[in-house]
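Consider the two complexes below, in which chain A is the common component and chain B and chain C are the respective partners.
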Partner chain A sequence: MGTLLNLLPHLVNGITLGLLFALIALGFMLILGLMEQINLAHGSLFALGAYFAYAICAPRLPLPPDVLGMWAAVPLGWRFAAAVVLAPILVAPFGLVLERLMRRTYGRDPLYGLLLTFGVAMVLEELIRMVWGTRDYILPVPREMSGGFIMLDLIWSTYRFWAAALAIVAMAGVWAIVERTRFGAMVKAGAHDSEIVQALGIDLTRLRVWVFVLGTMLAAFAGVVLAPLWGIRPHMGVDAVVPAFLIIVLGGVGSFWGAAIGGLLVGMVVGLSGAYASEWSMLSMYLLLIAVVTLRARGLFGKKSVLEV
Partner chain B sequence: MAPGRLVPTFTPAMLVSWLLFATVPMWIERVGLYQYLGVEILIFAIYALAYNLVLGHAGLPSFGHGAFFGIGAYAFGLAQFNLAASLWVGLAVAVLAAGLGGTLVALFISHRRGIYYALMTIAFGQVFWFIAIKAHSITGGEDGLLKIERLPVALGIVTFDLRDNTALYYFVLAVFVGVSLLLWRLVHSPFGRIVKAIKQNETRARFVGYDVWRYKAAVLIISAALSGLAGGLFSMAQTSAFPDVMSLHYSGYVVMMTLVGGGLVSFWGPVVGAVAFFLARDMIGALTTGWMLWFGLFFVALVLFKPEGIAGIFAGLATRKHKTTSAPVSNPQPQER
Partner chain C sequence: MRKSRNSATSLSRRTIMKGSLMAAAASGTATFFGPWRHNRVWAQGAKPIKLGLTCDASGQYGNSGQDDLRGMRLAIDEFNVKGGVLGRKIEWTTADTETNPATGTRIAERFIAQEQCGFLLGAVHSGVANAITQVAAKYGTIYFNTNSSAPSEAGENCSRVKFVWDGNGTNFSKAAVQNALEKIGKRWLLLTNDYVWGHTTSAATKAQVEKAGGQIIDNLLIPQNTRDFTSYLLKVQQIKPDVIATAVGGDDIKALRQQVSDLRLEDKAAWINNQQDWPDIWGAPETLFGVFGTTWYHLLPLPGIAEFVKRWQTAYPQSPIPVPGNVSYNGYMATRELLRAIVRAGSTNNLKVIKALEGHKMTAADRMQHFDAYIDPATHQVQQTIYLARRNAKPVDKTDLYEIISWTKPESALDDAAPGKCKLKPDAEVPSYEI
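For the complex of A and B:
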């Protein structure tokens, strides 16, 4: 019992971390599972979301000073809420352009999509460096969401739970869109058999644009949510995209529940190994991946996909 | 190369480019560059040639090659500190250690191909990178492994000192010539032919009776070992070894070099790419701070419109008059769905 109580904070930590990992992986999963494209620029879009949120929350926008003063007078809570909503919308056009570029790679070896998005990731990261510089930023969090509270004689960070809650909301939203709407049904059918879907008169090109925009906005949303926890820096994109793809491979390509459970599993492993060797905790997720994928070639819930060609 | 014809040990084009490289120290400073740049370019040319064995010749998209380069770099330094202060020992240990790392990775991923191969190599690359950062007592962590010496080349009776960048350049050039000869031979050997067959159609190669797994593993191990050699040379040139060469970024850079130069269609492509990469870094970097922005855009444009790279552009210009067939890049694999 004693040891269990000692492990509790690490367990809770692991679950919240897992939800956040799953949130990062969500947009990546959509684009990979429904469009069969690896989007290595996912992390850069994630970073852009965080930077835009910073620009909205800490007013240093290129606006006239009196407008800026009025915006700065708005309580931080409202500014943060505005960032959560606006940052993904502002990042969406980047996704539109990227999808436009990727169109040329559809139907070719998926390697080209991977290379293309790697190049785009490099470009976006450099753009961020040029605009915001290499320094770190901290996204201010409204007082109601920051700080900590005491439970079971332990101090818990309040924002972690808010972030986990936002992650659950986003995941539920994506699940509802994919599983419970006509749009979701069409997209899934398109991934399964694009020829038949097109023969039925559905505009697959437009559908793909929407999926990509949705994935982009999810990346940006994850960036906003995670920025207060992880900080904002140019290479945060790469730090985020690696766990994202790892979770997808672990959970199985094209599986919503695979991504959710994969995220939780990774979070728990990192959290619990952090209890024993905090220095090495991030290594455990790679070892988990290698172990799982060695035993189950397609991950936990994966189906055969075009990527195995 | 038409089947049945004997492949020469080296081609006139190779000889010309070696000679061209040999003249570099004589004029590089006059065009406003510096000797060390030549060393860097040649080392990465070796690295990219070795990498292309996996990407271009075997069609296996490794995105974690930085790990092998980095292992070589650390191994060279550690051998010098703990084993013997000899250049040959250091380079041999670098090759062996990276080859060992490659063997470990190959054991886990040689049954895979395509995107899964890429994803698994990213995972392994991250593992090695992470260990390099965290194993502070061995690698020096993020501070790096410092004070690695440029050891003299001991050839029995004569010894050459490498502390001068020009001397180091010629030593690296000698290694480069050796590696390019070796790889040229390998690619055109029966082994190379089988690897090529696996690239074109793995299933068919298996049905013909080849042990595909063993060939794919061998390709990765050889490539890793030679990448380690480049890494060892690099730590000697830098007189230090840092974990950043093992990061996903650096693993991506070698992919960029190889592809930009035209590694998919040309043996020399990776060398062209390494030259282009470093010239872009220094020349665009002199004009603006964000050189990667422009190189990245160039890379994106190449992936979209000319995946055959710079070599492909030249080959296209040369063959346009004769035939309209350009070398196939994406080999159409049978769609098994």
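For the complex of A and C:
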């Protein structure tokens, strides 16, 4: 009983961590799964979301002093809510430009897209350094969402559970868009057989733009949600893109449920190993990946992808 | 990112040979120590002395590396304004070592073999410092580890060509442990960054705790680049230690501090952070808690500090950190002492410069610390004043984050185990060179 009581907090922690990992992977999954493009700039878009959120919340906006003063007087709760909504919208144009740049790589060796997005990631990180400098920032969180609460005789981060809830909302939204809308059906059909979809008169180019923008906004949203936990610094994107990539491969390219279950599994493994074999906590996610792809090369829910050609 | 100033004209082999003979004739015999294949003599005269500054600009210690660089550049600029050293200008080149030992090796090799840097300075990460040491030792190039504080740097990984400028984990542990054991409690938990500095620092803390009658109840290893500490913080709450001693650095300690503060866990146990680097706390002062070690603070009430801070601020009006901290201070002091040693040696010959450094004493006033310091001839580590600090409840300005609560003499914080582990090579086994 004692062992179970000791284990329970780490299981709960694993689930919340897993939801956050799944949130980070969501935008990456959308672009890779539906467009079959590996977007290595995902981490930098994640970081941009966090920085824009900071600019809105702190606030550090390029506005006239009196307007900025009025905005600063708005309660933090409203500013934070505005950041959650506006930061992804502000990052969306970066996704638009990136998608435009990537068009020449469509249908070619995936390496081209990979190299392009890697370069863009470096440019965006440098841009962040130029605009915000190299110092760290902390995204202020409303009092109601910060601090700790007691559960199972331990102090837990209140915000962490808010973040997990936001992750669930985002995942539900993506699932509804992909699985329950005409747009989602067209995008999936386009990914499956682009020629037929175009023959039916659907503008696949425009669809791809929307998918890319949605993926970009999800990356930025994840950046906003994770910023109060991880802090904000120029290279924070690297911390996001690696687990995102790993989760997608683990869960299976193109699978929504693969990303969700993959995220939860990674969270659980990292959380439990952190508690009971701390020296393995970082390595554990890679060991999990090796174990899964050894047994099932396409990941847990993966289907055959054009990337395999 | 790489910066270079006044890059030296490339030299032909014939010029190098001529220069070698001339330099050898001018400098007497020192150049000809050791096996021929190891010796290098470059053309001298008015040729600038070139320093390779191996500083992280990215990775876990990217911020600290750049603050280190600011201190080094200030020292170089001050010497150049006065005409350089031995009538020669000082040039510098730098490259991002990326908080990555493999990159450190590659850059050190390039600086020495291709860019003809006569001296290397830099490093915050002990793995990077050790990697640079291996390359420097191969060529006999003098290397100043400015900011890596792993006890192993002046212990098992010491080198005749390396000088270590920061206080190490043992120094800080000795200053902190006894007092904390007596006043707080005997059950200690260690949080250890899973690399050389973390391991050697926690080992030093463990030794001090056990020697003083305390008990280490667990040691949680934290992989580098950990961003989510919830598992560890839950574990900490389950274990309920009296004292939590952390050897966590760079971006990792920033994330840890933020998460501990958010949970208000700073009061649930006593926290001792072995060493708190200034760039790791600037920007997030609200997450400063517990007791921590440092070697310098810009508001110490000592002569010369205000002038130094002013010079530093004049040199870097756009710096993301508005005042120098311990990292920039170490970079400045190390570079200044290297250039002074060249002057004392009257030569850039590495063996002469090493001799000018070994056992060298520096007054407290000159180093802007409370006690005199010296370079230990047995380990090549600078033995200096060790400060303990905590968050300042009554800051005089927005940079006044620390309240200094104690300062320990170098002799009282000495790493006694280091001389037994450090085996310095004799002159005959060190490749000699002169630039």
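Following the convention adopted for this analysis, the second predicted complex is superposed on the first by the 307 of 309 C-alpha atoms of A that agree within 3 Å, B and C clash if a C-alpha of one lies under 4 Å from a C-alpha of the other, contacts with A are read in each partner's own complex, and residues count from 1 in each chain.
Just so it is clear, contacts are C-beta pairs under 8 Å (C-beta built on N, C-alpha and C of every residue); 3 or more make two chains touch, one makes a residue touch a chain.
All values derive from a computational prediction rather than experimental measurement.
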Exercise for the section: With everything superposed onto chain A, say whether chain B and chain C fit together or clash. Expected result: clash
Practice task
May I ask you to decide whether A:155 touches chain B, chain C, both, or neither, giving the answer as first, second, both or neither?
Solution key: second
Handout entry: chain B versus chain C as contact partner of A:286, first or second or both or neither
Key = first
Exercise for the section: Kindly classify A:188 by the partners it touches after superposition: chain B alone (first), chain C alone (second), both, or neither? Expected result: neither
Handout entry: Which of chain B and chain C A:146 touches, first, second, both or neither
Key = second
Practice task
Quick one: classify A:115 as touching chain B (first), chain C (second), both or neither.
Solution key: first
Practice task
For A:231, select first, second, both or neither according to whether it touches chain B, chain C, the two together, or no partner.
Solution key: second
Exercise for the section: Look at A:127 in the shared chain and tell me whether it touches chain B only, chain C only, both, or neither; answer first, second, both or neither. Expected result: first
Exercise for the section: Kindly list the residues of chain A that each of chain B and chain C touches, one partner per complex. Expected result: 235, 279, 282-283
Problem - Of all residues in chain C, those that touch chain A in their complex - result: 58-59, 62-63, 66, 194, 220-228, 230-232, 234-235, 237-238, 251, 254-255, 258-259, 262-265, 268, 282-284, 286-287, 320-321
Handout entry: Of chain B, residues touching chain A in the complex
Key = 61, 63, 108, 111-116, 118-120, 122-124, 126-127, 130-131, 134, 247-249, 252, 255-256, 259, 289-290, 292-293, 295-297, 299-300, 303-305, 307, 330, 333-337
Practice task
Mind listing the chain A positions that touch chain C in their complex?
Solution key: 6, 9-10, 13, 16-17, 20, 133-138, 146-148, 154-157, 159-160, 228-231, 233, 235, 239, 270-275, 278-279, 281-283
Exercise for the section: Spell out the residues on chain A that touch chain B in their complex, using ranges where they run on. Expected result: 38, 101, 104-105, 108-112, 114-116, 118-120, 122-123, 125-127, 129-130, 235, 238, 242, 245-246, 249, 279-280, 282-283, 286-287, 289-290, 293-294, 297, 304, 306-309
